[in-house]
Amino acid sequence: MQIQTRIIANERLWANIQTITVTAPDLARTIRPGQFVLARAPNNFDPYLRRVLIPLQTRDDQIQFAMDAADPLVARAYPDAILDLLAPLGRAIHFDSNARHILLATDGARIAPLIFLAHAAIQSGRAVVLVARQTNASPIFPAALLPEEIEYHTTNENEAWMDADALAWADAIYACGTRAAYRELFDAISHARYRVPREFARVWMEAAMPCGVGECFACAIESARGFALTCQHGPFFDLVDI
Amino acid sequence: MNFSIELAPNWKRGLTLNHPVMIVTPSWDSSPVGAIVTPPLTARLRARAADPRVIDLPGGFLLNSRAANPGVSQFVEQHQRAWEKSVTPIIVALAAQAADDWAKLAARLERAPGVSGIELHLNPVVDAVSAIQQTRAATDLPILTKLDLENARAIARACLDAGANALVISRAPRGARVIEGKIRRGRMYGPFVQPMVLNALNEIAALKLGAPLIACGGIHSVEDVRAFLSAGADAVEIDTAQWVDAASVARLCEEIAGARDD
Amino acid sequence: MNFSIELAPNWKRGLTLNHPVMIVTPSWDSSPVGAIVTPPLTARLRARAADPRVIDLPGGFLLNSRAANPGVSQFVEQHQRAWEKSVTPIIVALAAQAADDWAKLAARLERAPGVSGIELHLNPVVDAVSAIQQTRAATDLPILTKLDLENARAIARACLDAGANALVISRAPRGARVIEGKIRRGRMYGPFVQPMVLNALNEIAALKLGAPLIACGGIHSVEDVRAFLSAGADAVEIDTAQWVDAASVARLCEEIAGARDD
Amino acid sequence: MQIQTRIIANERLWANIQTITVTAPDLARTIRPGQFVLARAPNNFDPYLRRVLIPLQTRDDQIQFAMDAADPLVARAYPDAILDLLAPLGRAIHFDSNARHILLATDGARIAPLIFLAHAAIQSGRAVVLVARQTNASPIFPAALLPEEIEYHTTNENEAWMDADALAWADAIYACGTRAAYRELFDAISHARYRVPREFARVWMEAAMPCGVGECFACAIESARGFALTCQHGPFFDLVDI
C-alpha cells in the first residue's frame, strides 16, 4: 500500500536514532511489530531509493518511526512535508499465547525493532526483560526512553550477551545484533537449553531493502530453508534458519 | 483505434503488444501493461552477491550485479500457472553462467506454457552472435537481445543477422565504488541513466536496421515514455521506477493504454 | 614528506605536480591546486549552442556540448601574463574543429609562455592516433589525452604508442533529451558519472600500461579523490563540483595538499 | 562569496513567482539592483545545479528573493533550513545622477528584476513609471504588490509596449521581456528619439547560469561587443549591444 502521510515531527531520540512521526490513521491501526515501512520524499531523487523506517510506537492516528539519523532523508523530512510510505511491509510477529516471558536482546545500537515489540508484549500482559550489551561502537540505550514495565539489564563486551538464567526464564527471544552475535546466541541457547527449538528465538536481519515487496531480490539471504527474502520472509527470521 | 506493436515482425511466431510499456517484474502485475518481462534467470540458482549490494548515489544507485535468482526451472515452475492464464505476453529474460548455457535455457522455455518471448542479457564479454545462434537453434520463440550501452551500436546489426527479432537498448551502465577500501562493481539505475540510453537509442534508430527497438533505462514518467517513442523506440521497458513510485508507474500504464485506445 | 607526481615520466619535458588534484578552470585559482587545466580551446572562436544549453537532471545535468570558447589565441593572450608568473603548472586543453587542427593548436601553445602541458579532447569519431601524432610532431610539451568512456579501454595503448604521455579517464558521457519535440544532445555532469569513470579507470589500471592515469568525472569530495587514487589513478581532475560548492573544492585541495606535506 | 543563510519564509507572491526570504546581514547591505544570487540546498543533489534568485527587497538583515515557483528548490527551501548562496553576482545598476525619470517596462510575467530597481530609484528620489504589457502567457502584475510611489501603466498584446510620450519622458529605461520585445523596444526608441543612445536603455537577458562566475561559459551571448557572459557582463545589458 502506497500512502501519502504528513510529517508531525522529526527529532533525535538518542545517539544516531532519529524519530519521524507521521499521521497515518489506517496504518497506525494495522501495523504490527516485526513490520517496517519504506519511505521517500515525493518529487526528489536524492536520496533516490526508499529508506527503511521502523515503527517505535503508535498513538491514535500517529506513528513514530525510527531511522538512521545520518540518512539524507532526515534533512528532507521536515514538519508538515509529505512523506510517501510503502507500508506495512515484512512479516508481523505474533506472540504465542503460551509465551508469557519475553526476552529482548540487543547488541549495540540496533534496538529500534525491539521497542514496538516491547510495547505490544507489555500491552498483552506479558513480562518483558531487555538485555542490552554495550559495544565499542555504541553506548547503552538510556532506560528512561523505555516503557517502565520493562526489566532492563545491561552487560558489556567482555561479558556474555545473555546469561543462562535469562535464557531459562524466557518463553520467546527476539534479538537485534550482528551475525556473530546471533551465532553466539545460538550457542548460548544450545548450552542453556540443550537444543534450539523452532519458534523460540527470532532475530532481526539487517539488509538494504530497495523495493520491500520481493521484486528486486537485493535483500536475498541464504536461509536453512533456501532462497529467502528479508523484506517478505523477515526481517525477523527464526534463529534456526539463519 | 488500437496501435498494437509487433516485436517480431515477419517471424513465424509473432509477439504482439497492446501498448508499448513493458514492465520488468518477477511477480504478477494487474495493471494494463503491454508485456511483462521477468528478471534474467540463469540455468542454475545464482547466489547473492557479497554486501554491500546496494550503494546509494544522488539520482540513483549502484547495484552489485551478481544478483540472485532461483534458477530458470524453479522460477518457471513457480509462475507457469499464472503465465498460462495471462492475456499479457510474458517475456522471460535469460542470462548465462557459461558460454553454452543459452541452448539449455531456451529449450527449457520452449516447453514452458504461456511464454511469449525471450530476452537475452548480453554483455561485451559474451559472444553475442553465438548466444543468439544457440538460442535460435533451440526455439522459435521471438528473441529480444538486451545490449550494453558501450557496444550496442557496434553489434546491433550482427545480433539481428544472427537471428534476434528485436533489440533492447540498453542494459544498465556498469559502475564501481570504493567501499571500505574494496572496489565494488555493479550496474547503475536511476533517472540519470535515461539520457545516455536515449542518445544511444536514437543513434541506433538512425541506422534503420528494420527491427523493433525497445528502450530501457531510467524511464519514470509518461513524458519519458513519449520522449523515447519520438526518439525511435517502438516500446519501452520499466523496472526501477516501480521501486520508488509504483503508483505512478501504474498511472503511466493506464495513461498510455488509454491513449492507445482512443 | 612530499609526494610529487610526474605526469610525463621519461619524457624530455617533465610535468610535475605537487599534489594530485587538478582543477579545470578558465580563470585563475589561488587555492593550492596540483595543476590548472583550461577549458578546451579550439583554433577559432566557437559560437554558443542553441538553447536550452543546460538541462537539469536529478543528480546532475546535461550540457549541450557545442560549448562556446573565444578560440585559443584570444584565450592565451588574455591569460599569458598570469601563466608566466604561475608556480602551479598550467595545462591547456584543446579540441579540434577540423581533422588537421591539432598541429596548429599545438604550435600556438609551443610559443605561449607558462604552458606546462597539453590535454587533447578526443572522441570516438576523431582519429586519436593521428591527433596525437600531429600534436607530438609540433611540440615537446607533455601530452595528456582525454578519452571517452565508450572507447577509452580500446584505444588507451594506441594513444600512448602514438606519443601521449598520460591518459585522462574520461570525458563526460554523452546523453540526449527530447525537449519540446527536439532531440538535444550533450554531455552529462554530476556525481552519478563517477562510478562509471571509476569502473573504467580501474579496468584500464589493470592493463598496466605504464603511463600515468588521471581520473575525471563527478569528483566532489576528499573521499572521492582517495577512492580514485586507491583504484589506480595518479591524479584527478575536478570541474563541475566547483559550480555547486566551490568552498568544499577549496577545502578538498587544502586537505589533499596538507596530507601530502605531512 | 559563498555564504550559508537561514531561511525565514518561503511564500507565493503571485502567479508563478515564489519569494524566499533569508537572513544575510552583509549581503543585505551590499547587494544592488541588477545583481542576482545563485542558491542551493546544502547536501542535496536534486536539483544539482544552483538556481537563480533575484532580490526583490531588503529589510534590515533580511533579503527577499524571487524565484520560479515551479522550481524544485522551492520544495527544499523550508523555513529554518540553510540555503547556500553564491552572492552577489552580476553587474550592479547605478543610476546616472542626471537620470531623474526612470521608465521600467515588463512584457509578461518577468517583472522580478525591476522591483528591486524600482525601490532603489524611489529611495533616491527619482520618478518611476512602470509599464506592464499583458501577454497570452501571463496576466498583469497586481499594482497592490508594488510601492505606491510607482506610476503604473498597463497595456495589452495588441498595443504598443510603450508609447512615444513615455519614451520621451524617460531619462533611462530598464526592461524585462523576450528578445522580440527588445527588438520592438529598440525600434520604438529609434522612432521616438531618432536614435538609441548608449546607456539609455538596459534589458535583462534571461539565461541559465550554472556557475555564475564566468567559469562555465554556458551563459555566453553574442553581443555587439563580442563574446560576453550574462553572469558577468549582465544580466542587464545595454540595449544597443544586444
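Order of writing sets the chain letters: A, B, C and D. Residues in each chain are counted from 1.
What we mean here is this: a residue touches a chain if its C-beta (ideal position, glycine included) is under 8 Å from a C-beta of that chain, and two chains touch if they have at least 3 such contacts.
No experiment lies behind these values; they were computed from the predicted model shown.
Chains B-C form the pair with the most C-beta pairs in contact. Taking each chain's centre as the mean of its C-alpha atoms, chain A lies 53 Å from chain D. Distance from the chain A centre to the chain B centre is 36 Å, each centre being the mean of its Cα atoms. Separation between the centroids of chain B and chain D, computed from CA atoms only, is 49 Å. Contacts with at least two other chains are made by residues 44-46, 48, 72 of chain D. Within chain C, residues 57-60, 190-191 each touch two or more of the remaining chains. The touch graph of the protein chains shown is complete. Touching chain D in their complex are the following residues of chain C: 25-27, 39, 45, 47-48, 51-54, 56-61, 63, 67-70, 190-191, 242-247.
Looking at the complex, you find that chain A touches chain D at residues 43-46, 72, 75-76, 78, 81. Here chain B touches chain D in the complex through residues 58-59, going by the rule given at the top. Listing the residues of chain D that touch chain B in their complex gives 44-46, 48.
Within the complex formed with chain B, the residues of chain C that make contact are 55, 57-60, 62, 149-150, 173-178, 181, 183, 185-186, 188, 190-192, 194-196, 198-199, 202, 226-227, 230-231.
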